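The two complexes that follow have chain A in common; it is paired with chain B in the first and with chain C in the second.
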Partner chain A sequence: MSINIKNVDYSYNKNTQLETRVLENINLTIDKNEFVGITGKIGSGKSTLIKLFNGLFVPDNGYVHVDRVDASDKKTRKKVGLLFQNPHEQLFSKTVYEEIAFAPSNFGIKGDDLTERVHESLHLVGLDSKITDMSPFKLSGGEMRRVALAGVLAMKPEYLILDEPTSGMDIKGKKELYSNLKRIHSTGACVIIVSHQIDDLLPVVNKIVLMDDGKMTFAGTPSEYLENISSPVPEITQLMRGLRSKGFNVRNDVLTVDDAYGQIKNLLTKK
Partner chain B sequence: MIDIKNLVYQYESNSKYPVLDRLNIQIKKGEFVSIVGENGCGKSTLVQHLNALLIPSKGTVQIEGLDTKKQSNIWSIRQKVGMVFQNPQSQFIGTTVQEDVAFGPENLALSNHEIQTRVNDALEQVGMLDFKEYNPMSLSGGQKQCVAIAGVLAMKPEYIVLDEITSMLDDKSQKTISDIIKHLQKNGITIIYVTHRIKDVVNSDRIIVMSKGRILYNDKPQTVLEEPSLPESGIEIPPIVELANRLKRDGIIDTYNNKNLPFSNKELLEDLCQSI
Partner chain C sequence: MHSFFFNYVPGNSLIHHLDPRTKLLAVMVASIFIFNAETFLELVTIAGFFVIIAFISGVNYSIFLKSLRPMSLFFIFLFFIQLFLSEGKPIFTIGFINPTYEGLITGLQITTRFIFLILFASILTATTQPVMITSGIERLIRPLPLKYIGVSSFDIATMMSLSIRFIPLLFDNAKKIQYAQMSRGMDFKNNIFKSFSSVAVPLIMSTKRTAQDIAIAMESRCYQGIYRTSLFELEMKNADWIVLLGISIMVLLFMFLI
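Right, the complex of A and B next:
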């Protein structure tokens, strides 16, 4: 089971004077058991790419298959859950419960099953079940985002795609989200995160995809990434690479403050 | 000056916990003050008091001596204090960039010439003059934020509140915004910058750290960043600052003789090369 992207090109405003090529010859396979981070600058095509995964955009050339079915086929909509960048702008219901129950109830789930799904989803995003009767618009920005995520999770998607899910979130929210996503991944769902914050992605994902100006310039494991890519890398990695280039014996794949601290201490004891 | 005295705010009068709990803050003219804190700490609620979008449940907020509680002051207060929010597109109303920026000044009953001058001037300041004729919705996230700032600048405010304006932006656009802020401050505009990322605010004159509706710290960035209990406030501390703090505590790097704690990669690297 996988998402297969083969020779995909995509342009905005196709066949008009404003035609702009945003994706060029993309080839990528994402297996169902993967936890993928897609990174790159703003405007590199990463958000466009994921909109092909659930058929919101249809490639000009090539194809996108989800479990061997074309992504634009309605059958994939249920399988692929997509959370947009400003999810709180999508909220529309009177209560948190109605908000989360909206999609599953449209697919015919009702009664206790529905209630259970709502509570399960709230739990997965780390929100208290007590808020189900509240208006989503009375919550803080970070909480609204989590409600929107719970709404997507309630569909039990097999592929969960999130576009910049941590923007506007504080460190606690971020940590919680990532640990929730790990939990969701461990239940067998494929998780795909689009983020320009490489620092957040490298420690959690098992595949990194780097986009640059509409082209895919790298796809591989985080350690392969650190071996081959000089930028973007986390600041701590940059710092340690700086030390390395000055002749100090430190590794070039340091990701955490703890690791960096240990390596620097090590240099001093060896001296 | 902005003078906040014993500010209490409750969303509903019967709710047990106030969103803002007895805050006292003074902001002098020309200052660049950052307000940081985790989601839900009350920082956005606080700044919405600065141009009377919200009115205190208890206590007072005065802008240049004008009490926000007094209905007759609201128009002058809103002219003095401009606001830019996280999602600029939800603020856009014009079909072109210049139309959008002109909206505010048009409501001030200015001459056409004056409006045009203000629009050009504001767009120039944020580096968006070349995009005058563009549809604001067709711009990138960073460019949209620049246009939103221009819209506020065209009103010639004395204070600008920027509420999480960079949380959607990548590092490059964030740098552009930081440069704009520096430029505005040079021109004497008071900046109130709300964020949950302390990385963005190391250049401010003062950082106010909030938690659960109260003020935890209110001091220079240097002092605040070296607070050992800062991580408990739930704000994101840049890894470089965290590492520098730990190395400093061990005496590996030296920040005495008024030398600042290194904030950037480059500074820390220089320090390390010297001390190892």
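Right, the complex of A and C next:
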């Protein structure tokens, strides 16, 4: 069970003067049991890439297969849950309940099953069940994003793809989101996150993909990433590498503040 | 892409270089001619003018024909309304449906007029950048006493250029929202009403938001709707005066011939 991307090119505005090649010769395999981070500079093609995963875009060359079936096949839409950048801009229903029920009911879920899914997803994103009757437009920006996320979670996708889910979130919100995503991953779903914030990604994912100007320049585990890529790396990694180059005996693959704290403390007590 | 409204086609022709005011006036005169045209000969003459001017503009004829497409339903509607609702000699009668010969003639006439109207207007939009059209209109209506109804010609010009700027934005946005909802299983075949509102509601909301943002951004940069110097100062050249003279002669000839 995996998403397979083979020799994929993609251009916008095909066959017009404005044609621009945005993705070039992408080869990538994402296994169902992975937790994947996709990162890269602005405009490097991350959002375009993930729209190929659920068949919204069809590659010019090459193919995208989801569980050995072409991504443009009807069945993949249901398997692959995709949350766009700025998802609060797609809310449209009269109530939060209807908003979250939209996707599952489109895929034929009804009755008690549907209600249960709505409440479950609300819980996963840390919202209170009391708000189901409220208008989604009355919520705060952060709450709207969570409702939109719940709307995709309610599909119970086998592959969950989120485009910049943490933008506009406070630190606490981010922590909660990541721990919820880990929980979803542990239930057997594949989670793919697009983010600029490599500091947040590296500690949680087990595969990281780096995009640069439409090309994939790296794909591998976080430790492989730290061995091969000098930038971008998390700030705390940079700091520890700086210390190391000054002769302090610390590791050069530190990813979290806790880890760094432990090492520095060690140094100090040794002295 | 958003290629069906205001599709300016860059070029270097005589028509491209005319002042927008000249072209606006020419289109106005052309529409008066078009709406006075009754006989077949008159309509053919107008068609001839269109073919010649379009040729001079150097813009591919297919671009002009494309500008008719969004209006095609309207043309068909117009034609059938005339055909079935005009009084006269019936072509045939089935129940209360009776198209008439008179209806057929007026239907054809009126539809042809509207088609010509769009075609001439499309010469203007194909050869003139939207910002030039707005500044042309602004210059033409500046002498009108608009301040008594609470707007200035600059307000109107600003409104027009903002609306034009919004059209491609609207299309891009609609596309984006449609993709987002498709990812949530939206399918126009399942529930057309809900599918439609799942695109329309966010589209309206986001457009409203953008409009508000632009208004605030303009005000915080001291937009006041009063006279502003323009980046493109309009200037009537010799060619413009010659064209205007030609148009006046034609109008005079026409008035005396009738």
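Keep this in mind: the second predicted complex is superposed on the first by the 264 of 271 C-alpha atoms of A that agree within 3 Å, B and C clash if a C-alpha of one lies under 4 Å from a C-alpha of the other, contacts with A are read in each partner's own complex, and residues count from 1 in each chain.
The rule we apply is simple: a contact is a pair of C-beta atoms (placed from the backbone, for glycine too) under 8 Å apart; a residue touches a chain by one contact, two chains touch by 3 or more.
Predicted model only: the values in this text are computed from it and were never measured.
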{"item": "Three-chain arrangement built on chain A, chain B and chain C clash or fit", "value": "clash"}
{"item": "Chain B versus chain C, judged by how many residues of chain A each one touches", "value": "B"}
{"item": "First (chain B), second (chain C), both or neither touched by A:Ile42", "value": "first"}
{"item": "Which superposed partner A:Ala260 touches (first chain B, second chain C, both, neither)", "value": "first"}
{"item": "Touched partner set for A:Ile171, first chain B, second chain C, both or neither", "value": "first"}
{"item": "Partner chain(s) touched by A:Asn61 [first = chain B, second = chain C, both, neither]", "value": "neither"}
{"item": "Partner chain in contact with A:Glu89 - chain B first, chain C second, else both or neither", "value": "both"}
{"item": "Touching partner for A:Ser179 - first (chain B), second (chain C), both, neither", "value": "neither"}
{"item": "Partner chain in contact with A:Phe248 - chain B first, chain C second, else both or neither", "value": "first"}
{"item": "First, second, both or neither for A:Thr20, with chain B first and chain C second", "value": "neither"}
{"item": "Selected from 43-51, 61-69, 151-159 or 205-213: the stretch of chain B that, after superposition, runs into chain C", "value": "151-159"}
{"item": "Shared chain A surface residues [contacts with chain B and with chain C]", "value": "89"}
{"item": "Touch list for chain B against partner chain A, complex", "value": "11, 37-40, 44, 86-87, 90, 140-142, 164, 167-173, 196, 234-240, 242-243, 246-247, 250, 252, 265, 268-269, 272-273, 276"}
{"item": "Interface residues, chain A side, partner chain B - complex", "value": "41-43, 85-86, 89, 138, 140-143, 164, 167-174, 196, 199, 234-236, 238-239, 242-243, 246, 248, 256-257, 260-261, 264-265, 267-268, 271"}
{"item": "Interfacial residue positions of chain A with respect to chain C in the complex", "value": "13, 16, 18, 51, 54, 56, 77-78, 81-84, 87, 89-92, 102-103, 106-107, 137, 151-152, 155"}
{"item": "List of chain C residues in touch with chain A within their complex", "value": "1, 176-177, 179-187, 190, 194, 197-202, 205-206"}
